[in-house]
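Take this structure, written in structure tokens, and hold onto it; I'll ask about it next.
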């Protein structure tokens, strides 16, 4: 199966979506950051009641979603109609879930992926003085809806 | 141990580095993208002899390193003196390694992390028509040098 | 009355406008910069016949309107169809009025506000060598049209 | 007294600072947003214990300070070493104070002004569904230190 | 004939396109870079089989097309649906051809021009260590389609 | 002679300038836009006494110089200390000359080239309703000073 971002001679291009219909499209992604107990405690403590840690990561994720087409060379600029970024503490760190939506001729997986990634990197940045061995894992698409190919869910999410 | 990006009342701030000395600082990071055999083949085939896939991901990673302080709220803008992004095919996908360097009053871990991340997201974008279940894993710092805290290596890298 | 940019648990989000209809929307804002007689004279003299002061401020305001969604975290990116920035000399400085328009599912108040603000900051920047005690005042929305809530005018403008 | 951002024929230019020495420079600015009691209550309530309102405005202000040279045409890009943004509730709204610092050949007033302004615009954005008649006032420089011209304080601050 | 980007008093403005219909619009542009035989050989050699030179220039051109409205003060931001950048070696350098497309109320000539220009500047950057006397020439619009004024072709292209 | 932006295997990289000394560096570039008599008259008329055409192009050129490292993939971000953009009317259009300066470990040719280019594209944008057959020509480096390789002048400028 061919990569759609390459033309017949293997040159990169921005895929022509002129003929695609503008329908509502949505994507949900997730990712994890694993860290030491000390770093996790510092973030969790920072969260309630006073902290700015996850608030900063949320804002960073939302703002980054809007920058997706500046970061990913072949992504189309598109009018995002919604972005959300949510956090939950896990046993060894934080889980981030982001959703993005648009009404346009192409999907928003990359916008949701970029939101999750940037939120995770922001947490990493804020905790790296405490733990240099943190690890970002499990970044993936959970589901998408809209577009010609119809809805899709990650196999273990069905 | 406290998070340095929060002040005493838990408010986010850009840490004051005025008093830090401008020394040469370097960081190396890695990350992986795991994918189906079909997607891996399409990328590997695209790489030699004609393709733009990894070339696009490399450029995206280098350009994103320069945008780090626009993406990560509390990162300082800094004069990057070097950025490299390298790829190797793994059994189930691609490994990305990036390095960044500066002569400044703060480290460049986030720049190297952002380069790896964006290169991985670019590969993801270019292969997602072939495989929607790809997964980005193992994003982490391998080593850093320079600065008051001295050199650091990931435990399993020593 | 609740803030629409926060969800039920107080977390920031980009409001979902997927279901809103794309209608023509317009907004007009104003703001003032007050300064010493010397600074005011330098700017007024610069304006006619040769100067670039207000021309630079106008361009800065128009370009900033296009950056609104990069600056204001929860603003939607939107396709601006028109931006104007106008100046008039007042007794103690300059008045800036800006308008913005779009055909989209959300309003353009923030785009007009950002245009006025950045034009004022540009004047401030260009005159600050002459007067460090300048003051920006009276930044507000004058009117908006379009959208479900219908037209609105500032009370003293009706 | 001439405007330094115009050359002898009135053309805009970026002032040449090659010959200026890189010394530590700092600036502090303030600004106010005035609003209805309802909007003020919604923000204050949002702040404690759960809210993201002022956290979002703080992050927006810090990130905007880093964008100053992209917004203000004749500002030099400079390596910010510190940015802080603080809020206090006033009788009729919110006061924002921001500081910026660098070690460079030119001052950071515009960076601090841009931080205050963008934080205020972010509050405006988040409260505008509740109150369309808000007003931003009293944006000004409180003090600056460093550079050839020496320290300066707003007259009523001395 | 008047310049549409100036109002009646000669002030710059973003032309109001609210009333224009969103139709498919396309533009094709070309440009040349002329260089020494040595620089030309280095680039051509770099291209096949291993090189990143033209791949980098292609990505840079595509990404710059998306930044057009940030660079050209009075350009409208618009949803690009397609961008392509192609190269051919000439006797004394490289020819770049770029196309852009959108479905919107204004044309995409500037997007195609910006893609060509930035691709040429990227080649210039990568070859300037070998040849400082390179020259960029012949940047122009080849054809445009869509919009009220109908199709247009450069005279010598008809 | 090898291209410095490619490593031994032809992969793009940001050249490591850590070991280069920060000296004052300057570059001057020029470029031309050729147009119909009608377009030339409209711009010249717009310039004196009231117009914004060349003022807009000047601001665009200065602001673009600051964006050089965002546009040209392998350019280092650097602290520009000066940028100027000047215009003169020619028989068949406009000549643009731009200079850039920094005190850093690498040159500023690309910053001056980007300033000239963007100023020319801005003129193009503002005059394209009058003349679609305009042509940008003769973009080149006139001189550079500073750095290990010493001063350089275009052969016909010596």
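Side notes on the structure shown:
Lettered A, B, C, D, E and F in written order, each chain numbered from 1.
The criterion applied here is as follows: a contact is a pair of C-beta atoms (placed from the backbone, for glycine too) under 8 Å apart; a residue touches a chain by one contact, two chains touch by 3 or more.
Note that the structure is predicted; figures quoted are calculated from it, not measured.
When chain centres are defined as mean Cα coordinates, D lies farthest from chain E.
The chain with its Cα centre farthest from the Cα centre of chain A is F. Rounded to whole angstrom units, the spacing between the C-alpha centres of chain B and chain C is 37. Separation between the centroids of chain A and chain E, computed from CA atoms only, is 31 Å. Multi-chain contact residues of chain E, defined as those touching 2 or more other chains: 11-12, 52, 55-56, 58-60, 63, 67, 70, 73-74, 77, 79. Taken as a contact graph, with one node per protein chain and an edge wherever two chains touch, the assembly fits none of the named shapes, being neither a line, a ring, a star nor a complete graph.
Working note: touching chain pairs come out as A-B, A-C, A-D, A-E, B-D, B-E, B-F, C-D, C-E, C-F, D-F, E-F. Against chain A, the residues of chain C that register as touching in their complex are 7, 11-18, 69-70, 73-74, 76-79, 104-105. Contact residues on chain E toward chain B in their complex (touch as defined above): 48-49, 52, 55-56, 58-60, 63.
Of all the residues in chain B, the ones that touch chain A in their complex are 1-6, 9-12, 31, 38, 42-43, 46, 50-53, 55-56, 59-60, 63-64, 67, 70-75, 109-110, 113-114, 117-118, 121-122, 124-130, 132-141, 144, 152, 154-155. Interface residues of chain C, counted against chain E in their complex, comprise 24, 55, 58-59, 62-63, 66-67, 77, 79-84, 86, 101, 103.
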